[in-house]
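Labels run A, B and C following the written order; every chain starts at residue 1.
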Amino acid sequence: MTRYSALTVRQKQVVWAWGFLAVPVVFYVVIRFYPTAQAFVLAFMEWNLLGTRRWAGLDNFARLWADPVFWQVFRNTFVYLLLGTPASLVLAFAVAFHLDRVRFMHGAIRALYFLPFMTSAVAMAWVWRWFYQPVPIGLFNNALATLGIPQIRFLNSTTNALPAILAPAIWAGLGFQIIIFMAGLRAIPRSYYEAARIDGLSGWATLTRITIPLLKPTIVFLVVFSSIGFLRIFDQVFNMTTNDPGGPLNASKPMVLMIYQTAFSSFDMGYAAAQTVVLFLVLLAVSLAQLWLMRDRP
Amino acid sequence: MVSWKTSLLAAAAATAFGATGVRADVEIEYWQYFFEARVKAMDELIARFEAANPGITVKHTHFPYADYRTKVAAAIPAGEGPDVVQLFYGWLNDYVNADLIQPLPADRFAPDRIEADFYPMVQAMKIDGAYWALPTAVRSLALFYNKRLLEAAGIAAPAATLDELVEHAGRISVVDGAGNVSTVGLTTGMTAQDHHWLREVLIRQFGGAPYTEDYRTVTYDSDAGRAAVSWYVALEQEHGVTRAGFMDEPQAAFRAGRAGYHIDGSFRIGALQGERGLDWGVTELPAGPDGSRGNYASYWVNSITSKAEGERLEAAAKFMEYITSDEAMQLWLEVVGELPAKPAAAATSAEHPVYGPFIRGLAYGHATVFADESAQRQVFVDMVNRILLEGASVTDSLAAAAAAEQAVLDRYFGSAN
Amino acid sequence: MTAPATDAPRAAAEALLRSPGPVRRRVAAGPAVRWLVLFAGGVAMVAPLAYMLSTSLKYPFEVYNLNLIPEEPTLDNYRDVLSDRRFGWWFFNSLLVATLTTVSNLFWDSLVGYTLAKFRFRFRQVVFIAILSTLMIPTEMLVIPWYLMSQQFGWLNTHWGIMFPGLMTAFGVFLMRQFFQTVPDDFLEAARIDGLNEFQIWWRVAMPLVRPALAALAIFVFLGNWTAFIWPLIVTNDQHMYTLPVGLTTFSVEQSVQWELIMTGAAVSVLPTLVVFLVFQRFIIRGVVMAGLKG
């Protein structure tokens, strides 16, 4: 047994690192990985939550492959990701960047942007659903009617439903992203800006050569985390389409909603677990690809 | 916290009577979903039951409605659940197959007496010669109408036939200059009660049957089915007397006074009675082209879980017997407004202005045997959406719906057997 | 506190903050326009919340009317919601669970995030990806295993049972890892030479430098637990153990929803989160002045 003091600096670091990680590793293994493994095993079984479980081999996956609803849901999920992540990040960065330079009523304005994120998703989804209704009760369509513009079917449409649900999802998450961007901006040492000023860099050059590169860890976090968020979108869809979940005609249904319905409306746990495995693999692939693309290159 | 106080009282009472040799205390647990009137009614029933049965206490637990099914399904297989549980009639098969509930003891629940007393649809609760569950109350559908709107349109009596319904709805609906509906003649929405109306009422009224007797084979992809669906979608597409999803939910439109007619269940009565400024009436569902009537009936049942054994089983059976008694049904009607499950149980007659149409509907109502109610509902929702949103033909959309629903049934009954 | 953040550079940095920044100088009318646009955007953001508040002050018959100011305003809904004796319990349970979970996450997530950002050891990336992968499973699929686990250990219907799955989160680990990466290594090295052990370096040197991130983490964890629904529902049996979101679903009854009460519940439950936000956002706004650090 080597004494601690005899270790090299590097070896000491390893000891500290695993010391710090000991409790978390136990936590993640017991509370997270073990139940996840159970869910994965279920993917090869048939189980209605009440009765006994039966082995089903690859049946659930074969059924998934042949299920047209699944492929539509798969596509929808990626539409949420590809529209939602860039739109929300650009918006959030623009707001955070400018808000960072505002002194007057700074706290109040920031609170305005953050309030939607704090409010119950169920309540907010209802308000939005109400805004989207046709006349006489819908806010948007009433405005259109006043202007003499024909009505727009927002939710009751196979083409408009998904974007109409995505908008409040972006709206609700914007405050979160702004806060993270602000925290990132605030963590950039002021000395860099001072140096830029002395060098006479233009605003745009400061943004692209100093702010954005130094903000990279924040951007990596937000890209990966928002992508996971949009791939796992559920609350807004579920609450805005309660009567016809993910409808009409599955036009707005994302994967998590399909999993939820399969598990807790149809009680088809094995099939839901198979969908979970697919979702997991998709999320893992997307996240790893993003982390790899945005890695620190020497 | 009611339960520990009552157990304490019961314990005190038991000690007091201990010398006289009254048997030991038993506590059983009862689960249902939360609905204020139901909880109030059940608390009252439990109080009366406990007074009549010293030594037995009932712990009453309730959960939010939206997730009641998930909650029960998580707890009962783990052995954490109640002794007596309320289930939707459509879930029964799953609980029987998984051995989670037990047959009602035949000494207190003789099948022939149940069949003599209860509405015939309750026979769906009989499996292998024994009854596994019984309802306190049942529900059916009826046609609500807004008296003011009918009067303004010069309609003397509410629609009694489907033809009258279309004609009245046309007179009531209001469309503005831009073609936008501001008042509908009749609310429609497959996501609400219309899928029941179409499935169990309209298809039969147009001369067909939705399923075979055992509800395992879809039979509505027929002339009658096409006629019924065509009639239904014509309300919006041809007559323009309704719009699917108007005011988000049919009941919201009716409550806001922006709909002449509205089909809904007896469970809606309570909410409508509290609605200010709404003058409404209710009548039987309109008769079909051949003059026939139809209705959809459903119910929640009470059942004893497999967990209850020995003394607890005895207590649970006694409790079950009480909550399915005439007295309990009468109280349930008064407090909750749900119809007694025995025709003879309540003093309220079939002529009652509000309950009457529902009670009469029970006589000819069908209770669909669902394999997966939400999936089967979705089939109907999608069928109508294909026609209204995507311009599909009735024939194609109905055929696709029949195939989709048959797949749901096959998967369920195929695996359950 | 840390050595380099002496008063002189801080003052210089604050002076810099007050002086017109590089972007501001380009457009003369910039600041006013920027402020107006941001403010207008903020007002638009809260418009739906205004309707939430307005609906909570309406009688049921008026719920679907578009007017923002109720014709007959009423506090009946608030009376209904707040007079429910159970409401106090739900509020307390949510507050307790959310607070303890937040404290746990602040400690553990930053410890793990720091380790993953600043130590070099084998399997570091594996540990990171493994923890990150827990974000990729919907909670709904885990509740049944958690339920059986809780039953075995007797955690059903307890505060511990409600909060144990959330004591550490991959979200927090990831966030803190990213922010610790921005802390210059020289800084930690200096502390090492001063004779601090690794735990002291983390706690006394690194942690103060990521205060904005810690504040953001606190806000998000608190919020996440304040609104958590499915697990608290499954694990509790007794109404007195419900958390606020579970309790508030009692207004969503069979076949119908009492929207005016849902809106009231939402309005009431947003208040504590607002307080938490206002308290912690001070740390974000202040930021970290790391002038004097060499780049």
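Heads up, the rule we're going with is that a residue touches a chain if its C-beta (ideal position, glycine included) is under 8 Å from a C-beta of that chain, and two chains touch if they have at least 3 such contacts.
Note that the structure is predicted; figures quoted are calculated from it, not measured.
*Asks:* By CA centroids, point me to the most central chain in this structure.
*Replies:* Centre-most chain by C-alpha means: A.
*Asks:* Determine, using the mean of C-alpha atoms as each chain's centre, which chain is farthest from subunit B.
*Replies:* Chain centre farthest from subunit B's centre: C.
*Asks:* When the C-alpha atoms of subunit A and subunit C are each averaged to a single point, how far apart are the two points in Å?
*Replies:* Centre separation, subunit A to subunit C: 15 Å.
*Asks:* Please tell me the distance, in whole Å, between the geometric centres of subunit A and subunit B computed from their C-alpha atoms.
*Replies:* So the centre of subunit A lies 38 Å away from the centre of subunit B.
*Asks:* At least two partner chains per residue is the criterion; list those residues in subunit A.
*Replies:* Where subunit A meets two or more other chains at a single residue, that happens at 49, 130, 137, 264.
*Asks:* So which bits of subunit C are touching at least two other chains?
*Replies:* 64, 144, 252
*Asks:* Where in subunit B do residues touch at least two different other chains?
*Replies:* In subunit B, the residues touching two or more other chains are 70, 74, 247-248.
*Asks:* Quick check on the complex: what are the subunit B residues that touch subunit C?
*Replies:* 1, 33-36, 61-67, 70-71, 74-75, 78, 80, 247-248, 251-252, 255-256, 265, 267-268, 271, 274-278
*Asks:* Residue numbers of subunit A touching subunit B in their complex, please.
*Replies:* 46, 48-52, 129-130, 133-137, 145, 148, 150-151, 155-158, 243-244, 247-250, 261, 264-267
*Asks:* Show which residues of subunit C lie in contact with subunit B when the two form their complex.
*Replies:* Those residues of subunit C that touch subunit B are 59-61, 64, 143-144, 147-148, 151, 156, 230, 233-234, 237-240, 246, 249-250, 252-256.
*Asks:* Under the definition above, what is the set of subunit A residues touching subunit C in their complex?
*Replies:* Touch residues, subunit A against subunit C: 10, 12-14, 16-18, 20-21, 23-25, 27-28, 31-36, 38-39, 49, 95, 98-99, 101-102, 104-107, 109-124, 126-128, 130-131, 137, 139, 142, 168, 171, 174-176, 179-180, 182-197, 201-203, 206-207, 214, 217-218, 220-221, 224-225, 228, 232, 234, 256, 259-260, 263-264, 269, 272-273, 276, 279-280, 283-284, 287-288.
*Asks:* Within their complex, state which residues of subunit B touch subunit A.
*Replies:* Residues of subunit B touching subunit A: 69-70, 73-74, 76-77, 94-95, 97-100, 176, 178, 180-182, 189, 191-192, 243-249, 258, 372, 374-375, 378, 381-382, 385-386, 389-390, 415.
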